[in-house]
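Consider the two complexes below, in which subunit A is the common component and subunit B and subunit C are the respective partners.
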Partner chain A sequence: MIRAVLVMNTQGKPRLAKFYEFLPVEKQQEIIRNVFAVLCSRPEHVSNFVDAESFFGPDARLVYKHLATLYFVFIFDGSENELAMLDLIQVFVETLDKCFRNVCELDVVFNYSKMHTILDEIIFGGQVLETSSTEVMKAVEEISKLDAASSAINLVPKSVSSWRSR
Partner chain B sequence: MGSQGGFGQSKEFLDLIKSIGEARSKAEEDRIVIREIETLKRRISEPDIPKRKMKEYIIRLLYVEMLGHDASFGYIHAVKMTHDDNLLSKRTGYLAVTLFLNDDHDLIILIVNTIQKDLKSDNYLVVCAALNAVCRLINEETIPAVLPLIVELLSHGKEAVRKKAVMALHSFYRKSPSSVSHLVSNFRKRLCDNDPGVMGATLCPLFDLINDDPNPYKDLVVSFVSILKQVAEHRLPKSYDYHQMPAPFVQIKLLKILALLGSGDKPSSEHMYTVIGDIIRKGDSSSNIGNAILYESIRTVSSIHSNAKLLEAAADVIAKFLKSDSHNLKYMGIDALGRLIKLSPLIAEQHQLAVIDCLEDPDDTLKRKTFELLYKMTKSSNVEVIVDRMIEYMISISDDHYKTYIASRCVELAEQFAPSNHWFIQTMNKVFEHAGDLVNIKVAHNLMRLIAEGFGEDDDAAYSQLRSSAVESYLRIIGEPKLPSVFLQVICWVLGEYGTADGKHSASYITGKLCDMAEAYSNDEIVKAYAITALTKIYAFEIAAGRKVDMLSECQSLVEELLASHSTDLQQRAYELQAVIGLDARAVEAILPHDASCEDIEVDKNLSFLNGYIQQSIESGAMPYISENERSGMVNTSNFRSHDQQESGQHGLRFEAYEVPKAPVPSKVTPVSLSSTTDLVPVPESLYARETQQISSVGLASDTGSSELKLRLDGVQKKWGKPTYSSPASSSNSTSQNPVNGVTKVDVATTINSKARDSYDSRKQQNEIDPEKQKLAASLFGGSTKTERRTSTSSKGPKASAADRPQDSKAASVPNKASGEKTNQVQQPPPQDLLDLGEPTVTAAPPAVDPFMQLEGLLDSSNSSAVTNSGGAVANAPDIMGLYRGTTSSEQSGGGGYNPASGDNLNLLSELSNAAAVRGTTGATIVSPLSPSVKGANAKDSLEKDAKVRQMGVTPTSQNPNLFRDLLG
Partner chain C sequence: MAGSSSSIMDNLFQRTLDDLIKSMRLQLLNESTFISKSIEDIRREIKSTDPQTKSTALQKLTYLSAIHGVDMSWASFHVVEVMSSSLFSHKRIGYHAASISFHDSTPVLLLITNQLRKDLSSTNHFHASLALHCLSTIATLDLSRDLTPDLFNLLSSSRVFIRNKAIAVVLRVFDKYPDAVRVCFKRLVENLESSDPHVVTAVIGVFCELSSKDPRPYLQLAPEFHRILVNSKNNWILIKVLKIFARLAPLEPRLGKKIVEPICEHIRRSGAKSLVFECVRIVITSLSDHESAVKLAVSKIRELLVDQDPNLRYLGLHALSVAAPKHLWAVLENKDAVIKSLDDEDSNIKIESLRLLMAMVSESNVVEISRVLLNYALKSDPEFCNEILGSVLTTCGRNDYEIIVDFDWYVSLLGEMATIPHCQKDEEIENQLIDIGMRVKDARLQLVRVARDLLIDPALLGNVYLHRILCAAAWVAGEYVQLVRNPLELIDALVQPRTNLLPPSIRAVYINSVLKVLCFCLDCYLDQDEGTASSYCGNLAGGQSEMFLVKTHTEAPELVATTREGSNYEQDEGFNPRNTTIESSDDLSDENDTDRVGTLLSMKNFTHESVVSLLNRIELIFSSLTANQDVEVLERARNIFAFVQLVKAEIIDNSGQNVDKKYTQVSAVIKSIRDAFSMELGPVSISAQGRVAVPDGLVLNENLDDLKAICGDIELPSSSSFYTGGPQFGTASDASLSNLLKNDESGPSNESTSLLEHRKRHGLYYLASDKSETVPNDYPPANDPKANSNINDEADALAKLTEQSLLLKKRTNQMKPRPVVVKLDDGDAAPIPDKRPEPINDSLSGAIKDVLGSEANLSVSRSNPLDKSSTKRKGKKKLGTNLPSEMKENLGDAEKPDPENPNPSSKSKERRRRGKEKIVEGEEPEQRGKKKSSHRHGRHKTHQRANSPLNVVSQAPVIPDFLL
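So, the complex of A and B:
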C-alpha cells in the first residue's frame, strides 16, 4: 500500500502532500521536514530509494525522483515494488506534463486541486488504480470539461481542452 | 488574463504564494500564513459568497494546512461544500474533507448522508467523487451505512466505477476485516470481470486476503497462473501497455500473490514454474519496469517451493543487476541476493566483488542493504570482518534510529559467532563506546557476566588473561572524552572487580582512575554509584590481602562529597565504603570475598537467622508477628523491625513523635551469603539498593547503625544549604555525538573521492586490483570463486594458491565492465531517468522546427551513439526489437484488441526511440514518443511561461524552474 505522496521543492517547501492514512498536521510537517532532510543530504547519481522506517514507522520505504526544482516522493510499504513505484512517479509526472505542457513548479502550486484530481486517478485509497497516463488524462479531461463550462464567464482555465484547440 | 494571473486563481492567491515563495525565513513565512488565516477567517464567514470564490477559499485553506497551520475553522465550510449540487464544488468539498478530517472526526456524521446520496447518483463522476471520500472517511461504525450501496456499484455499467468500488471494499477490509467477510466471494467474481482494469484492481484486496490466510485461495492458483500467462503474452489490449510492457503492475501483483500461495506448497508451486520461467526468460532488462518484473519474479522464485532451474535463471538476473551501473538495480540485486542466499548459499560467492563495491558505495541506502545481506550470510568464519565493517559504518553515521539498529545487529552477531572472548570484549567495547546510549542495558549486563564467567572453559590462565585484557583495554579507553553512561558502568564494575587482580596495577592507580571518572561524569549518578562501589571493592581486596590502605586525597574528597549527596543511594554506598575501611581483614573478606561475583547467592528468605532474636523478644513481652492477611486494612509495612512499632497496630493518628529506632542487634549468623549481593550486577538498581540497605543494617555492626542516623541528618542539612549536584544529567548524551558527526562528513566526502579515483584506476589498469578489496573478499566469502573462474578465458589453467583466486575473478569481471564503460565514458545517465533532463546533452538538441524532423534527429543520434557503444548492452538491443516485432505480428494475426491501422510505422518509431533511450546514451533527450509533436510547436509558449515563472519569483534561487526544458534549447 502507498502511504503518502509528497511533492516538495528543493528548498523543502511542500507543494503537495497526500497521506493515505490520517496523520495529524504536526506529524505531517515532521515527516515532510524529515524527508527533506534526508533527500537533500543524498549525493547525486545514487539510487532513488531511501529507508523510511525512522520517520514513517516499520516497513516504510521511500522512492523519490528529483526533477528540476521538485522532489517527487512516494512512501509505501513492503507490498509494493520499489522499481514499480519509480515508474509510478514517472506516470504521475508524465501526466502532469501532458496536462500542463512543460510542467513547472508554478503549475504544481497553482493547480492544487487539479494535482489532486490527477493523483486520485492514479492512486486510489493507497492502491495503484491506473498506470496509463492516457487513461488518466481522459478521466481528468472529463472533469475539466465541467470546469470549463462552469467558469467560462471570467476565467481562462489552463485546462487540456484549451491548449488542444490552439 | 491580467489581474487573474493566468492560472485560474485570483490575484490574492497568487500574491500569497509569491510572498511565501520569497519569504526568507520560516518566521516570515509563518507571519504571512497567519495573516492569510485571519483574512480567510473573516472572508469565509461573510454571507452570500459566490461558489467560485468559496472554492478558492477552501483551496487556500488546504494550502495553509499543508504549510503546517491550523485551518480547523474552515472544516465546516468544506463539509457544507460537499452538499453542493455543482460537481466541481462537490469535488472540492470532498477533496478538502478527505485531506482535513480523520475518520472519527465529529463532522463525518454530516457527510455520511451526502455520500449515501451521491453513491446513488446517475452521474458517474459524482459517484466516483463519493467513492474517493468513502475510502478515507468511512470508519468501522459507518461502514454498514454505505456497504450495500458499494456492493451494488460492483456491477455498475462504467468500469471506472466498478474499479473504485472494488477498492473501496478493499479499504473496508483493511479497516475492519469482519465487516466485509461475507463479501469475499464478490472479489472472486470480479476477478473474472470482462474489463482487465477491474480485474487488476481486484488483485489488491485478494493480495491482502491471501496474505492473511492463503489456504482458502489455493484453488485460484491455476486461474492466477493463466491470467499471468495471458498478460505476459500480450493478450491484453494495447492500451494496458506501459512502455511496451503488458500491464506490468498487474504482473507484479500477480507474482506477489503467487509468491504467497506457493510458499511451502509444492503442488501449487509446480503450476507456476513454467510461467515464471517464461517471464524471466523473456524479461526485458533494459527498461525500469522490465527490471521491476524481473525482480518480482526472483522474489517469487525465492518464496515458492524451490526449483533448481528457476534458481539458476534468477541467479543470472541477479548477476545482471549487480553488474549494472544503475544504483537502483544494484540495490535490487543485493536485495534479491539476500533472498536467494538462504536457498543457495553459494550464489553470493560469484558476486563477492560486486557486493564489496556496494559496501563501499557512497550511497547510504545501498550500503545499508548490503549490510542486511552480510548479516544474513554471517558465519563464524567471517564474523570478524563483517562486524568490523558494521562498526566502522556505525561510527560514521549520525542517524540514531539506524545506529541503534546496526548496534543491536553487531551485538547479536558477536554473541552468536564470536571466535574468542578477547575479540568479543573488544567488539563490545567498540559498540559501547560509539553507541552505548542506544543499546539495551541487558547487553551491558551480559558483557559483565561474560567477563566474570568466561565462556565456560576451565582454564584458569585463560580466565585471568581475559580479565586482564579487559582491564587493560578499559584503562586505555577511560581517557576518551564523553563515554556513554552504560559503558562507564561496565568499566567501573570491571575495574572494581578485576582492576588489581593480576597485580599489574596498584590499588592507588586504579582508585585514582575511578575517582577521575566519578568527577568527570559528576552529573551521572549511576556512574558515580558504580564508581564508589568499585572503590569499596578495591579497598576491601586490599585490606583482605593484608595491605595497608592509603586512601588518595581525591578519593577522600569524593567520599565526603557523596556522604552528603542528596541521593540516598550514593549516600548509602559512601557509608558502606567508610564502614568497610574501618573493619579488619577477616571481616572484610567475609563481606566482600575476592572474585565471588559468579558465586550463587543463597538468600534465606525466611530470615531464619533472626529466629533466636525473635524468640528472645517475644519472651521479653513483644507481640508476635501478624501476617498481612490478618492485618487487613492496615497500611503498615511488613518490616522485620515492626516489633518496635507495636502501637501502630491501633488505628488512628499518632501525635507524639516516633521514638528513636533501636539499633538492630547483630545475630550470630554471619551475613556472608547476603553480603555478596553487592557484587551481583544484573540485579535491577532498586532491588540492589534495597538489599544493600539490608546488609548495612543487618550485616554491619551496630556502630554503623547508630552513626547512620546522625550522619543522615547531616546530609539533609547540606542539601538545603548547598545544592551542588542538581544539574541535569542528560547533557552528556547529546553532545557526545557531535564530534562523531564532524568526522562522518569528512569521512564520507573522502570516501567518495577515493572511490571515484579507485574505480577510475581499476578501469584504466585492468590488471591492478586493489589488494585490500581482494583480501576483504577472501575473508568474507572464503576465497573460493569457482563460478567466476569458469567464465574467464585468460585463466583456464588451475592456479596453485588459493590466494590467487580472487585476483582471477576480478580480472575476469573487470574487462567486461571496462569494455562497456571505456567507450562511453563521457556520460552515461542511468536508463531509468527518462525524464530527468538535467543532463548536458540536452543543450545539444536543436530547437524544434518540425517535430518529426526532430524525432528523426533523435533517432539518428541515438543510432550513431549505439554504434560507438560496445559491450553487452548493445548486443541484446537488436534482439529485443526482433522479439518485439515477432510479438506484434503474432498479435495481429491473433486479432488482439489493438488497432492495426495505426500500427507499424508509428509503433516502430516509438519502439526505436525507446530502444535508444534504453541504451542510455541520450536518455535525456527523449521524454516520450509523443512529446515532440506537442512540445515542439509550443516552444514559444513555454518560453513565455518560463519568463513568467521567473517574474513570479516563486523560487528565486533556482536557475530554471522548468521541469522540461529539453526541447527549448
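So, the complex of A and C:
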C-alpha cells in the first residue's frame, strides 16, 4: 500500500502532499521536513531509495525522483515493489507532462486541484489502480469537462474570474 | 435581499485559489501573516449563502491545509455543506476537503451517510467515483456498516471505472467492519475471474493488502492466484500475485512446488526488472528449498550487482542480505561485488554491503575483516564510520563473543576503536570492555594493558565520546590491579589534572580505582615487610572467603582476584589467604607467568619512601577534591583522604622499627579492604532476580514514589565508620546508601546471597581518604591510532583476505586455544519465546474463513446467507468442536480426491467445498451469537482458536484440486 505521495521543490517547499491515512497537519508538516532533510543531503546519481522507517513507522520505504526543481516522493510499505514504485513516479510525471505540456514547477504550483485529480486517478486510497498515462488523461479530461460544465452555470464568477486572471 | 446582494459582492471580490497562490508568491516576506489574513477572509466567506463563494473559500482552505499545514477541523460542517451541492465542481471540492480533513472522530461524519449513499448510486459515475474516493480514506465503522449494501451493488457494476474503485474501497470497509466480509467477499472473489485487467489489478491489490495482515484464510484462493500467475501478462498484477504467494508459500509446503516453475519462467523471460526482482525476492524468501530456483535467482542477483544503475545495485545487495541467513554461499560467491560496494558513493549501498560483509564474518576471518573495516572507518565520514564500528562491535560481541578466539587481539581492537576520531560507540565499547573483563579471565592481562594505555593519555580526556570508555578502563584497571605492571604509574594516570574534565559519575569511578590500586600497593608493601606471618587476620579472611564461595556458587566459576590469593585459594579452599607470600607465585598458571613475575618484581620495589611519597601525593590531590560539588566525588574523595591520613600516620610512625607487630592496625584495615576487593565480579544472568525468593512480609508492589521525596534531601553520610570501628562489617549501613558505584554498572548482582557482601564491598569503597603531592608532567606519549596509510589498496586487500579466509574455512589451528568465556547456564539473554505472531485482525480473518468455508452455502442463498447458515448449522456444533485433533490426523486422507467429486473441472471446486462443509460449519452458531454480542473482540478470539485448526482441514480439499 502507498502511504503518502509528496511533491516538493529543491528548497523544501511542499507542492503536493497526499497522505492515505489520516495524520494531523503538524505531523504531515514534520514528515515533509524530515523527508526533505534526507533528500537534500543525498548526492546526485545515487540510488533512489531511502529508509523511511525513522519518520514513517515500521516497514515504510521511500522512493524519490529528482526532476528539475522538484522531488517526487512515494512512501509505501512492503506490499509494493520498489522498482514498480519508481515506474509509477514515471507514470505520474508523464501524465503531468501530457497534461501541462512540458510540466514545470509553476504548473504544479498553480494547478492544485488538477494535480490531485490526476493523482487520484492513479492511486486510489493507497492502491494503484491505473498505470497507463493515456487512460489517466482520458479520465482527467472528462472530469475537467464536467467541472467546467457545472461551474459554467454560475456565469458571473466564471467570467469575472477569467477576466481577473488575465 | 440584502443577504443575496452581499453574497454577490463577496463573490465578485472574492479571491480564487489561483489569486491566493499568486499573491502568496508575491508576498516574499512573512508568509504566516499572509496565511492568517487569508484564513480570516476564508472564515468570513465560508459562511456565505452563495455556494460558489462557499466552495471557493473551502478550496482555498483545503489548499492551505494540505500545503501549509493550516488546521481546518473547524470547517468540517462547511465541508459537509459543500459536499451536498448538486454541482460537480462544488461537490468535488467538498469531497476532496473531506478526504483530507476527516478522521474517525470527526463528529459530522454521521451527517454524510445519506449523501454518500446518494452519490454512490448516482447515474453519473464521476459522482460515484468521488464518493468512493472519499470513503477509501475516511470510512468508519458506522459508514462501512451502513454503506455495505451499496458497495455490494457496485462490486458488480458494469462500469469498470466504478467497479474497480468499489473493489479497492472494500479493503478499508473490511478493515473497519469485518462483518462486511459476509456480504461482499463472494463478489470480490468473483472479480478475480474478470477479463478486464483493471478489475483484476484492483482485486489482487486488495488481496495483497488483506494477506499482509493474516495470510492463512486466503490459502483457499491459491488456485485462482495460480491461474493469474500463469496467465496474466500484466506486470503490476504479477508483482502483486507474487507478493501474495510469498506470504502463502510458507504456510503450505505443497504450494511451493506448483509456483516455482512459473516463477522461474518469469525470471527467464520477463524484461521487466521490477517483475524479475519480485520473482527473485519470493524465491529467496519463500522458496529457499528449491535449489535450482535459488541458483537462478542468485544468478539474477549477480546481474543486478554489476549493473550501472545504483538502484539495481542497491536492490541486488538488499536481496543478498535477505538471502544471507539461508544461503551464505550466495553472498560468498558475490563477495567481490559486495566489497567493491563498500566504496560506493551511495550511502545505501555502502550500508548494505557492510551488512553483507558482517554476514560473511566467521571465526577464521574476523581478524582480517575487522582490520580492513577499521581502516575504512578511519577514512569514512563520521556517520558511516560509526556504522562500521557498530557492526563490528555487534558482530564480534554476538553470543558472548562466539567468533572471537584471540581475545588479546579483540581487546586491543576495542582500544583502537576507542581512539578513532569519529568514534561515538562509547557505550558499546564500555560494555564490552567490562563484560570481557568479567567473562574472560585470560583476557584480563591484555585488558589491563589496553586500559592503562587509554588512561594514561591526557589528550583522550578531552573527548566526551571517550569518557564512558575511560570509565570502563578505570574500572578494569582497578579491578584487575594485580595484573598491572606499574601500579604507581596507574595511580598517576587516574589522578592526572585533566580528569576534572570527566563528568562526576565517571570521576567517582576513577577515585574508586585509585583506592583499589592504592590498597594493592600498600598491601604489597606490607607483605614485603611482614614476610609470611600474618595469621592475625586469618579469621577475617576466612570469613571473607566464605562469602566468596557463596558468591562464586551463584555467579561465576571460581575465579580468583589476586595472584597470590588465587594460588592460595586452589591450595586450601581459600581459607586464610594471607598465609602465604609472593613466593607462592611459582604455582601460577603458566600463560601469564612472565608478566606476573614482572608485576611482582615491580611490586617488590615499593620502598618506604616511595610509599610515603605516594601517600603524600594522593593526600594532596584529594584534599582539593574534598570541596568538590558533586556528592559522589566528594564522598569518595573524603573517604580516600581519611584513609590515607590514617595509613600515613602509622607508616611514618613505624618507620625504623622492625617489630613483628608493626602496622598492625593499618594491616588489618588494608587486608580487609583488599579482601573485600578480591571478590570476583561475574556476569549476572538477567533472570537472576527472578530466582530470588521474596522474603516473607516484603511487599514488592508497594508504591515507592514517596521515597524519593523523603530521601531527596538527605545527604549521604560520610562513611567514617571503618577506621573508627575497625572491621569492614560495620560499614554495611552506609554502604547500602551508596550503590551508584561502577561495580553496579558492570555487574549488577541481584542474588540475595551476595547482597551482604555487595554492601560490604561498597561500604569499603567509601572508606579511605588521603592526598599526595605532585602530579607528574611527563606522561608517556599518547597512543595515536596507527592509521594504515595505504587505503587505496584496501578493497583489494579485503577481497584477498576474505577470499583466503573464506576458502580455507578450516585454517590450521590457532596458536592458542580459545579461552574460557564465562557463560551462565541459562544464557544471559533470556531466550525470546518463539511465539508465532498473533494474527492482527482476528475478526477479519475469522470472518473471511467463515465465508470461504461456507462459500458454497452463500452461493445457494446469496440473498440471505446468514439466516440459512444459522438454521442449518446449529446441530453441528458438537462435531465442530470435537474436530480439530481428529482432523489433523486425517489431513492425509483429505488430500485424496473427494469421492463425491471425481471430475477435476474448475466448477467442481465449489461443490467439493460443499462436500467438506460439514467440517467447517460447526462453529457457525457461535459465530452468529457473536454478531449480536457486544463483546466482539473476545468472542472472535475464542472463535479464532477453534477455527484455526479447522482451517488446515478446510484448505485440504482445495489443494488437491490445485494439484490436478
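Just so it is clear, the second predicted complex is superposed on the first by the 146 of 166 C-alpha atoms of A that agree within 3 Å, B and C clash if a C-alpha of one lies under 4 Å from a C-alpha of the other, contacts with A are read in each partner's own complex, and residues count from 1 in each chain.
By definition in this document, a contact is a pair of C-beta atoms (placed from the backbone, for glycine too) under 8 Å apart; a residue touches a chain by one contact, two chains touch by 3 or more.
Since the model is a prediction, treat every value here as computed from it, not as a measurement.
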Per-residue touch tally on subunit A - higher for subunit B or for subunit C
B
Who does A:L70 touch here: subunit B (first), subunit C (second), both, or neither?
first
Kindly classify A:E141 by the partners it touches after superposition: subunit B alone (first), subunit C alone (second), both, or neither?
neither
Could you say whether A:V109 touches subunit B, subunit C, both of them, or neither, answering first, second, both or neither?
both
Could you give the residue numbers on subunit A that contact subunit B in one complex and subunit C in the other?
1, 14, 16-18, 20, 22, 25-26, 28-29, 42-43, 45-51, 79, 81-84, 86-87, 109-110, 112-113, 116, 120, 124-131, 139, 142-143, 146-147, 150-151, 154, 156-157
The subunit C residues in contact with subunit A across the complex are 8, 11-12, 14, 16-19, 21-22, 25, 52, 56, 59, 63, 65-67, 69-72, 87-90, 92-93, 96, 100, 102-104, 124, 126, 132-133, 136-138, 161, 164-165, 168-169, 171-172, 198, 201-202, 205-206, 208-209, 212, 235-236, 239-240, 243, 273-274, 277-278, 310-311, 313-315, 345-349
Subunit A to subunit C touching residues, read off their complex:
1, 14-22, 25-26, 28-29, 42-43, 45-51, 77-79, 81-84, 86-87, 109-110, 112-113, 116, 120, 124-131, 139, 142-143, 146-151, 153-154, 156-157, 160-161, 164-165
Which of the residues in subunit A end up touching subunit B in this complex?
1, 9-11, 13-14, 16-18, 20, 22, 25-26, 28-29, 42-43, 45-51, 53-54, 65-70, 79, 81-84, 86-87, 90-91, 93-94, 97-98, 101-107, 109-113, 116-117, 120, 124-132, 134-135, 139, 142-143, 146-147, 150-151, 154-158, 163
The subunit B residues in contact with subunit A across the complex are 1, 4-9, 13-14, 17, 20-21, 52, 59, 62-63, 65-70, 86-88, 91-92, 95, 99, 101-103, 125, 132, 135-136, 160, 163-164, 167-168, 170-171, 174, 197, 201, 204, 207-208, 211, 239-243, 248-249, 252, 256, 288-289, 291-292, 295-296, 326-328, 330-332, 361-366, 368, 399, 401-402, 752, 830, 832, 834-838, 927-928, 931, 934-935, 938, 941-942, 945-946, 948-949, 952, 954-955, 957-958, 960-965, 968
